[in-house]
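In the two assemblies presented below, subunit A is common to both, partnered first by subunit B and then by subunit C.
Now for the complex of A and B:
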């Protein structure tokens, strides 16, 4: 149980946090939890199987759009799980052509796909005569916080369980050498499809949560490629081969963003770019790789 | 209401499609040189174009310099930036065995970083306000076709770049060596091609093309820190569909893309321009990752 102790302690801290009653603190923690959930989901395909997605915002945005469209018709405790279902089905539906493309082409394809969906949603919205939607009667911050805590915990558990399962081992084999994995009997296509679907599920609900938190919807905002860049950078900073990685990476970036975003958003993004390059070039296994090396030396 | 037939036979649209296509072809040409020779997935290609556009804008607004002259300055400046990137980081990456083995995905991530950095440095220094200026904006009329002088100038300039590059690659020894490098690096090295020097040259030339086109585009389009994305996407369509290292195929694809976009928008509305561009991009990647006009391997 020693390995699980930091996670349980962390969970306890997040669980006790609303008792402080500080809205600022709860708001920042809410943001952190959503990034953890997004980054953990991202690692299922992109970390384990090495199919790096540069367009994870597409699931986030579609989930958010679904919750916004059904706002006032469905209560959030129905629309949020349905948003997960929608993005899961969407990922499975597009997986057949998309997952045939591999390596760097997959990366730019996911980016192009996300931008494509963004412009389609923008066209649909302007056709409907909508220029931004205001959501009235959204749930309180405390409610959203509990939901985010639940989703972040769920995403972490899923990543943890899959990492140790046959599926996870198969995905790692795909990352190391797809042809060899297929040759020794790993059901490559099925595993990749499952991982893609799962990695799309929780971001659907997170998109919904963010839409409810901002209580305002605009396609350019919810499909912002910066979301994809942040998820990618969190995973790479933390190290995507370790369940701790996304948590550390997301915590680091949330802290940085809290310090800079309001005052100097451009400076924050410049630092994001620099960190991405530095970690890719110098520390490809992220902070977790560094921790493991320390542990091995000690 | 213009009829379907009128749109199809409009000389005005034909020229517009040709101009857009030529610009895309030229942007793709630069990426082809960088990706073809070094396998560096430069997703920041459009950002270098954006820098070129700012050079022309500031050159014109502050010193009243002609954008055509600024284009040369922009080319030199982006080439210098390429050299700085090469000596600062890329050379090390290409020599490091771990990076070298996975140079395509790694370079992609590095250039995502470069792209974010350049966009936001520009946003920080020049603000996000769209910039434009009037230079040779008078309209010339030829029969039923009218065109602004600056668009015509950009068109001619891009055609000149394309033709010069094609002739250079087909006729000169350096150009042939670059083509050999694109087709088969190891074999080129064996027959005595100085790989490192040529790669560096191709890198600078590729980035310079982006800067030059940026300066030209700034005459007719708004310059913003975020204008680069669509051009990067267009450049990728050109090299994916045109085939890696196949510059003629790339020019054909660039023109095709110009036609799809111009006529697509004419039949629908301006909102469709991005949908069409990204739609073609997604389709191109899914259908033909190895290119439609692929280079045929000659075996003798």
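Now for the complex of A and C:
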């Protein structure tokens, strides 16, 4: 059994799932796949380079907004890739000021930026006389599911390939010590910019998928900071230094959410906070970090 | 021997504080130049200027006859300058081996993963960390972290090595081991070395020449034996002529 076997088995299970014909199961799996894609993309900058973003929702929201604005003009198979391009270009454009700061300032800046964009979109929508947009004729759940599976697989592959590449090694060196990384020849500014651009790409399409899934758009909903918190918590629980981490973290949180939403939905956010504290204090590198450290000590 | 590094009229101020003023230094290929001076004399500032972490206010720095002023630290590293830091900065969550592999994959030669690992194993054996290659580097002792830093700087393919107090805080036995490590690395990698050190016995032993800085100015640059009886140095260090 190779290291890839669990991934291939997982992929096979997700591939066979639509055959069950159970909408609930497909819906939950769709949600799980979108969280996996979002968390994997977050990992590229925040996990590898250690620039913790609390504003990942900005790319998700902008992608969603783009798909909503072009709904009825462009088919989704064009608007979704374009949404990726829009968020990539947006990230590269803002990377120069944003990546000049680090540590807690970067966390605050990314959070503030997401909120800023949310209020700009709200102002634009208000100016246009829109208080929510209804999307008619959206693709079926099965179609959206296949797209989510494709994006989650793509995001996982990108993370996997980058983790093993020179770029990945350079990003990890930046996370460990930026000045020391520069001293060994890592082109710090270029690598951070590439990672930021790449981390923004997949969320653009995921935001579009979520807008199509809910068939309703409201800025407060799609730019909800809870999206960023959930991505961060998934990455911390699973571990963000390993491609398995976002999958484990997203699976854990999706199951938790499904178990709680019907009986005690208010408990979900409280538990999210508790989990975040417990993992940051006890297992800052998540489940995968624990496994790695044990392997190194053995 | 041909000139490898040339520092011309180098100066740098921090606000109203003159950290370095009109420093000149010529280093030949394969030479070991020690740098000594009291705290605040400008030793680490000189390293930061050569490594590109700071830009000089005045003067020029030539490596192999071409100016490196204004280049970013990573580009200077790719030109063949490796450095250690006064306080060891290992990539703490990575293993000892991963630290060195990372340096070998960047730096001057940008080795592929296989060649980088081969080079890393070799270097770790030289610095005496071969048996600890799979240990998390943050868990190493101070002596281990200092040796790791030296190996990491050499792994970049450096031709000029800037060693910033790599023996500070070590026991006499560890200092002797570090001296041996530096001399072996120098011999096997044809290195030119600038070394800042407060452990005077070690500095005297390893250096071909010693540059003495005092309040940001170079007051002497000569063979160790000459430096030991230079009246200006004795005056600054011991106040003998005060």
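The rule is short, and it goes like this: the second predicted complex is superposed on the first by the 286 of 298 C-alpha atoms of A that agree within 3 Å, B and C clash if a C-alpha of one lies under 4 Å from a C-alpha of the other, contacts with A are read in each partner's own complex, and residues count from 1 in each chain.
In this section, a residue touches a chain if its C-beta (ideal position, glycine included) is under 8 Å from a C-beta of that chain, and two chains touch if they have at least 3 such contacts.
These numbers were taken from a predicted model, which means no experiment stands behind them.
Undergrad: Let me test your reading of the model: by the given contact rule, A:119 touches which partner, first (subunit B), second (subunit C), both or neither?
TA: The answer is first: A:119 touches subunit B but not subunit C.
Undergrad: Determine, under the contact definition given at the top, whether A:25 touches first (subunit B), second (subunit C), both, or neither.
TA: A:25: touches no partner chain.
Undergrad: Pick one for A:101: touches subunit B only (first), subunit C only (second), both, or neither.
TA: A:101 sits against subunit B, while subunit C stays out of touch.
Undergrad: Of the two partners subunit B and subunit C, indicate the one touching more residues belonging to subunit A.
TA: B
Undergrad: After the superposition on A, what does A:267 contact: first (subunit B), second (subunit C), both or neither?
TA: Only subunit B; A:267 stays clear of subunit C.
Undergrad: For A:259, select first, second, both or neither according to whether it touches subunit B, subunit C, the two together, or no partner.
TA: Neither partner.
Undergrad: What is the contact status of A:229 with respect to subunit B (first) and subunit C (second): first, second, both, or neither?
TA: first
Undergrad: Can you list the subunit B residues touching subunit A in their complex?
TA: Interface residues on the subunit B side: 41, 43, 89, 92-93, 98-99, 104-106, 108-110, 112-117, 119-121, 123-124, 229, 233, 236, 240, 271-272, 274-275, 278-279, 281-282, 285-286, 289.
Undergrad: For a test of understanding, state which residues of subunit C touch subunit A in their complex under the given definition.
TA: 51, 53, 72-74, 77-78, 82-83, 85, 89-95, 101-103, 105-108, 110, 134-136, 152-153, 155-156
Undergrad: Which of the residues in subunit A end up touching subunit B in this complex?
TA: Listed in rising order, the residues are 52, 54, 97-98, 100-101, 103-105, 107-109, 111-113, 115-116, 119-120, 122-123, 126, 229, 232, 236, 264, 266-267, 269-270, 272-277, 280-281, 284.
Undergrad: Which of the residues in subunit A end up touching subunit C in this complex?
TA: 166, 169-170, 172-173, 176-177, 179-189, 241, 285, 293, 296-297
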